[in-house]
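I've put the structures underneath this note.
The two complexes that follow have subunit A in common; it is paired with subunit B in the first and with subunit C in the second.
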Partner chain A sequence: MKKKKSETLYPLIVKIVFVAALLVLWEYVAKSGLLGEHSALIFPSLETIGAAFIRNFKVGFAGSSLWIYIGNSMKLLLEGLLLGIGLAFVFSGLSIISRTFSIIYNFVVSICDLLPGVALLPVVIIIFGVKPGVIVFLVVHAVIWPMSRNILDGFLAVPQIYVEAGRNIGLKGFRLLTGVYLPAATSYIVSGLKVGWARAWRGLISAEMIFGIASCPGIGLYINQMRTNMNNAEMYATLIVIVIIGVVVQYGILSPIENNTVKKWGMTR
Partner chain B sequence: MKKTLKLMSALCLGTGILLGSAIGAAADDASINIAYQYGLAYAPLIVAQDQGLIEAAYEEATGDTLTVTWTQMSSGADINTAIASGDLQAGFMGVGPAVTGVVKGVGYKIFTNLSGQSHGLMTNDENIKSLGDLIGSSNQIALVNIGSIQHILLAKALSENGFDAHALDANIVAMKHPDGMTALQTGAVSCHLTSSPYIFTEREQDDLTELTEVSEAWTSEDSFIVGVASEKLHDENPDLYAALCAGISAAIDFVNASPEDTAALTCEYDGNSAEDELEYLGLGTYSAATSGVLELAQFMGENGFIDAAPASIDELVFDGVEGD
Partner chain C sequence: MSDILLELKGLTKIFTDDAGTAEVLRSVDLKVPEKEFLCILGPSGCGKTTLLRCIAGFETFTGSVLIDGQPRTQPGTDRIMVFQDFNQLFPWKTVEKNIQYPLRLSGIKDKAELKRRSDEAIAKVQLTGWEHYYPYQLSGGMKQRVAIAKALALKPRIILMDEPFAALDAMTRRDLQKEMLRILGEEESTVIFITHNIQEAIFLGTRILVLQPGGEIVYDEPNTLPKPVTPASDEYGRLWGTLNAALYSRSQG
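Coming up: the complex of A and B.
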């Protein structure tokens, strides 16, 4: 029991010390004027960023608090994430059932995973027009290919003996997929979720920075506005918000999923 | 725990060394870093670069050689940050971000005007005849960025026609100029507020019409791109500052005196044919004297684009800059 406690405590201490050291270094650089006489503007101190953090939510920009921007972003992100993950499962599953589909889909995944979403923007505008759906599309694009790649790799790694065993008890097609492939590939699927979520979150912010719809403004647009107006402290504070949301999702949603599946089942350490 | 501490100190030390060397490398005499952006509006800078005009002015005045490093950057906001950090001594950007930079205390002022260009608001919907038709509608207006000079011009046109300056803010979609042109042509948005040379292409298309309030609010005679120089350069290195002003002024004179030679030089950079480039150059105004900068800055102050309006032109420009 004693050993277990130190095992959970040690990583926490390491993280706290690391973050504290980073903050001290930041504050030192900010306060020492290392970056010239306009240091306060381009490299604001922690107090300034803290005050800007609160101001982002209380005052915001153009009459809207940062909450509104976060709400819009999260709504688009959730739509894109659910759609992307759902499609990745459907298509990857289909490629277990049909060999022809598997060949095509593997090929498509290899190609599309290389294309940055924002580079597709002109094409997407022509096809979808200018609406929040474009951002959802880019999030789907960011998540579906890495997620599919992980699921497909997971399926490939399922030992042949499991598949044969499944066939022996009469499973085939869809039932072989849900009965053997999916459970056996869970560790790959969970790591696909982690990669997919991070890609989607980054994809969302960069899409919003390039393509800002004022009637549905998101966090990316907020960062861009702060940059344009030289409100650097507010910009850094918004980056912290992005990190906080990322950490909450990582430790609040993804880690519990991992702990209750692959870790509990002893598939990974 | 001991190991971790060692690792931490190694990390801190590493970062410190990196920072130190980056700062140490910045100081050097007789060199200047200048940033500019992409397009027709920056034509004199291509001339200054090609003919080494700033270097020549410096050598003539001091007898020493000067190294000029030109960097192309993608937005005024990036240039603002780079000047504030001391990496750049001068930069060229839209008058909007330049005013924002001066008021925010980036540590520079305007040392020259560079050019004025055509701006316009185009629509693909023949039912839209004036700005008033857009207010309260769900029609989307593509423009380059919220807070950009194009956004400020939209606000100015609204205000001059008796509407609230921010009445169309919710209709804006921020997109780069070429993306906005694609969106307008395919009907994805109904309006596009853009500048030269995109506005010329759009004006030539029969199915697009112009809402003239914007081009009337800010003409091609008015300042669009200005040059800013750090106060440090101005105060501590007057020879270099003078050479910068002289070089840019000579480049502007060259553009006006020899438009054919300029077009032959710049067309490749701008992706136009030499004939188109010559025509487009003729539609812009290249002058070292500012026009309307104070008026625009005061409009920005009154309408919340910047926190406080400057009271006089001297707050925005260095001594000896002509114009208003």
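Coming up: the complex of A and C.
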């Protein structure tokens, strides 16, 4: 008897079967020696990767567990995100209050949004030297422009009637900004957060891979060290860690924010 | 006369845009005493909304808008607007919070007092039980009720209503008209109510005004028909005919 596919169960089953098939294929390639004598190195078996996963945390590299590297990356990421998001709100908010500022800031955002952070890296290093602050700078750069773009677009899209309803009950200036513009633009702000986070996360790992900072070694540096030491299984295991962190942020932070705001208010675009 | 609540003196509004300039209101004079329910009828584009928006402080204008003799040029909680648009409530706030928020802004900080005021207003528009719903979960008619409750709770000097029921179906519209009448019996608020609907103006208004382009007042009389007015009321047909004639006096066939 064929039962009706559940709306939520079916996609889940599809995903699980897909991943399982990939893993089987991977294991087959790893075990079969299809790729010649280096097969085991290029395609380490799942057990090897699993063991490496544990070793990453237990042994790690240069005397520090992968936890330390993750912690360092997260610290810089968090600093950069908070600073970037905070600045995006401040500058976008000022754009609502001052027209001149708005013209300038929109212009700046359009230009800076086009600059890949990694391309700025050499310049930043020349000016500031190799310091953890450089990573923070890159994270700020990754998050502030898409975040600002979304906030500014969100403000523009606020229906006039909310603004008038707000002014009618006595809101103006800063109060109008926090009481009407920000909540009304929430769906834009949430997409800004998503884009900003994704860019920041990538930017962080790339920057750490290009130049590891000895005083504050992060995940990118760790992967790079695994590569230079030909610890391929550890490399793969670390990639899995990176994916896990991404998933945790998506489902542990971003989705709840969305569920508790725009979804709850029926404001999804 | 000290009981004049709102006075318009030479209210003139000129819109200037790429297409040129348009004098939408030409020196409008009007006095609205306290506790009046003033219904304004007028053909589309004659400047009804513009008039209300000038009073509410959403537009710049020349001439003056006086509340209790004091000039007003900016929006304020003494004049609360109820729009035609169903989406005038803040979607991020529940029914209750939509009503309490303006009260909080006006200085009421005590939670119990806020709750009491919002419950009272919600009960008046018969939405008890819907306090914790979000606007997207309400029908158009219910949203308009909340908007009215929000205005009532604030106890403004005057409530400005711009065709608040125009986008509703006929049945809901009747219900809301009846409710409006009942509420006003209890509240004694002062209201300016814009409508396209002659029946609505006769049913609700204690005074009826007909505007023509330029904001010219071509009819301005108290509505003496005893409430509740039905089409069977004495004089209903005659008043309807008079208003209809005033409404169409400027249109050529």
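One rule holds in what follows: the second predicted complex is superposed on the first by the 250 of 269 C-alpha atoms of A that agree within 3 Å, B and C clash if a C-alpha of one lies under 4 Å from a C-alpha of the other, contacts with A are read in each partner's own complex, and residues count from 1 in each chain.
In this section, contacts are C-beta pairs under 8 Å (C-beta built on N, C-alpha and C of every residue); 3 or more make two chains touch, one makes a residue touch a chain.
These figures come from a predicted structure and were not determined experimentally.
K.L.:
Return first, second, both or neither, reflecting whether A:34 touches subunit B, subunit C, both chains, or no partner chain.
P.N.:
A:34 contacts subunit B only, not subunit C.
K.L.:
Quick check for you: in the superposed arrangement, does A:266 touch first (subunit B), second (subunit C), both or neither?
P.N.:
second
K.L.:
Identify the partner contact of A:170: answer first if only subunit B is touched, second if only subunit C is, both if each is, neither if none is.
P.N.:
It touches subunit C, and subunit B stays clear.
K.L.:
Would you sort A:82 into first (subunit B), second (subunit C), both or neither based on which partner it touches?
P.N.:
Neither subunit B nor subunit C is touched by A:82.
K.L.:
Of the partners subunit B and subunit C, which touch A:183 in the superposed model: first, second, both, neither?
P.N.:
In the superposed model, A:183 contacts subunit C only, not subunit B.
K.L.:
Using the superposition on chain A described above, determine whether A:254 touches subunit B (first), subunit C (second), both, or neither.
P.N.:
Neither subunit B nor subunit C is touched by A:254.
K.L.:
Touching A:225, do we find subunit B (first), subunit C (second), both, or neither?
P.N.:
The answer is first: A:225 touches subunit B but not subunit C.
K.L.:
On subunit A, which stretch or stretches are contacted by subunit B in one complex as well as by subunit C in the other?
P.N.:
Looking at subunit A, the two contact sets are disjoint.
K.L.:
In the complex, go through subunit A and note every residue touching subunit B.
P.N.:
Contacts found on subunit A: 13-14, 17-18, 21, 25, 29, 34-38, 41-42, 62, 121-122, 125-126, 128-130, 210-215, 221, 224-225, 227-230, 232.
K.L.:
Given the complex with subunit A, which residues does subunit C contribute to the contact?
P.N.:
56-58, 75-77, 79-81, 83, 85, 87-92, 101-102, 105-106, 134-137, 154
K.L.:
In their shared complex, at which residues does subunit A touch subunit C?
P.N.:
It comes out as residues 159, 161-162, 164-165, 167-171, 175, 179-180, 183-184, 186, 261, 264-267.
K.L.:
Quick check: in the complex, which residue numbers of subunit B touch subunit A?
P.N.:
For subunit B paired with subunit A, touching residues are 1, 4-5, 8, 11-12, 15-16, 19, 23, 75-77, 80-81, 84-86, 97, 100-101, 104-107, 138, 140, 142, 145-148, 166, 169-176, 178-179, 182-183, 186-189, 232, 304-306.
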